[in-house]
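Here come two complexes built around chain A, the first alongside chain B, the second alongside chain C.
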Partner chain A sequence: MRARVIVKEITIRKQGEVQFFQIRLPKNAVRIIGVDSDIILISALEPQVDGGVRPDKENGVPPFVEVNRAPFLRGTTKSNPTIGKLKLQSLDRHNIFFETWLSFIYLNSSMPDMRYGLFPKSPYSLNRNSYPKPVHVPVNNMAINGLFTDAIGTRRQSDMIYKVKVFLWIETNEPATGVNYDFELKTNSH
Partner chain B sequence: MIKFFSKDFDLPITAAGQTFKKTFELDKSVKVITHYTILSNREDLAYYRGSFRLDINKDEIAPDGYSAKKVMCWASVPADQRLRSIGRRETGNGLINFEFTDTNDGLTVFQPYTVSLSVEGEREE
Partner chain C sequence: MNTDLALSVIESRMRDMGYSPKEYTISFKHCVLQGNERREIEAYNELYFLEHDPEDVYIQSDFGFYDLSFQKTNELKYEHQGLIDLQNISSNTNHIRFIQVTLKHTVKQL
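This part shows the complex of A and B:
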């Protein structure tokens, strides 16, 4: 058994676009062990410094009440914009087995390591590298259906062009004695 | 006697929107690769624009189109957790094939930069 990654790339061009896609798996796939994703913004993304406007209106007039989206420690952090929603479906499972909001992650948007070896790890003192979200879906069919719904274009009311990459970590029946990816071990411990 | 091994291999990215390939050769004393990551002199460009393909001894570690940001380390990650574990990959013929693809995006303006494939493993003496 060993792990491999399947990369699927789709391009979103229109405001509110909904795109169906299919990810084909190799014949030696045994199960899906993790899902990861990435966004590549082709359109420029200007920061919304006003924090956005509430979508609700009074008497047809926007109230211009600012939603406070200023993050903690404003001077050093940026909020990562939500881009859209990803859903994955397998014929081997009822309904949808993976669903998440995808965010665009800025470089170094997280906070620095402030534990200095003195404090215990916590989400506020320490970040870590991204890992695939572990899932356990046996594979009998060689195709996974996906659905991506645009959200940032709808919110900004403009056509945002971006690429969405879906990384499907699968386990195959290839022989690879003693070889494991570190997150596989974490998956197995669940 | 088994000793710790670590090395960086540089690949200059000189044009926007293109793929650059290079084959690196490991010393024969290097037997196993256990961790890798991608570093750059312009982290922002490599992070926002980069995707790569990597195989060691013809064994695919990352497929074509795998995003560089998935293995790049953050400044906020502890130093001992920054490299991505790949188990124990035997080096065999000692060849590392590395392809890096630059993609134009809306956040950055291209300038020539260098990406480094940093690997860790074991060597015998």
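This part shows the complex of A and C:
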């Protein structure tokens, strides 16, 4: 058995777009073991206006806006990173097997933990890398159906252009000369 | 979509999921929606297949989307599962015909 990854990229251009896609699996695919995703935002996104204004505004300098750093994002904020909803369906299964809201940033991914127990914990301050979400879906059919529904364009009432990448981790029946990933081992232990 | 195509898709779809024709029932469901009516169908363990191409209706389910007037999608789905949201987007009465596939709890040996 060996783990391999299949990458599917789709582009969203319109407000409220609903896009169906298919991910083809190789003949030797046995089961799906993990799903990961990535977003590349192409449209410009202005910063949050009500996050605060720098004090040098009073010195004749144009007002700079600061990004909202509130630990919990409201659904109405412009800096809400939720892009849309991804659903995956296997033809061997009833209904869907995977569903998630996608965001264009990982809230905890930018900086390492530098608070040393001195500062309150903030969702921006801890490092967390992207990680495939483990699933266990045996496959007989050679295609996976996907559905992506835009949310950021609907919320902002404008056409946002961005690319969504879906990484599908699969197990194949090739000889096990590949790398065993720790999330794969976790899945096997259940 | 027509009836023959829907029936053959149902057979293939159910076979892929491991069900023989003895293990499910097919029934016909004709929904009549009044002007601008919205209705929800709970089909969590069922499959609903559109049997025709209705106009002026919006249908959304867990993995399905159907609206002939919606320009921002690349496909329309005739297979619906989960919570199905039916909306008549016309002010006139509208008709939606489904083929409903329901699983049997037990298969009796005849």
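Just so it is clear, the second predicted complex is superposed on the first by the 137 of 190 C-alpha atoms of A that agree within 3 Å, B and C clash if a C-alpha of one lies under 4 Å from a C-alpha of the other, contacts with A are read in each partner's own complex, and residues count from 1 in each chain.
We adopt the following convention: a contact is a pair of C-beta atoms (placed from the backbone, for glycine too) under 8 Å apart; a residue touches a chain by one contact, two chains touch by 3 or more.
Since the structure is predicted, the reported quantities are computational estimates derived from the model, not experimental observations.
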* Regarding the shared-chain residue A:Lys87, is it in contact with chain B (first), chain C (second), both, or neither? -> second
Counting residues of chain A touched by each of chain B and chain C, the higher count belongs to B
Handout entry: First (chain B), second (chain C), both or neither touched by A:Phe148
Key = neither
**Prompt:** Taking the superposition as given, does A:Asp38 touch the first partner, chain B, the second, chain C, both, or neither?
**Reply:** first
Practice prompt. Check the residue A:Val5 against both partner chains and state whether it touches chain B (first), chain C (second), both, or neither.
Written response: first
(message) Contacts for A:Ser130 in the overlay, against chain B (first) and chain C (second): which applies, first, second, both or neither?
(response) first
Message = Tell me the contact category for A:Asn140 with respect to chain B and chain C: first, second, both or neither.
response = second
### Task
Considering only touches as defined above, state whether A:Trp169 meets chain B (first), chain C (second), both or neither.
neither
Listed in rising order, chain A residues that touch chain C in their complex are 14-20, 87, 89, 91-96, 140-141, 145, 147
Within the complex, chain A is touched by chain C residues 13, 16-18, 44-45, 47, 62-63, 65, 70, 72-75, 77, 81-82
Chain A residues touching chain B in their complex are 4-7, 9, 36, 38, 40-45, 105, 107-108, 110-113, 126-130, 161, 163, 165, 167, 178-182
Per the touch rule above, chain B residues touching chain A in the complex are 43-44, 47-48, 60, 62-67, 69-71, 73-78, 81-82, 84-89, 103-107
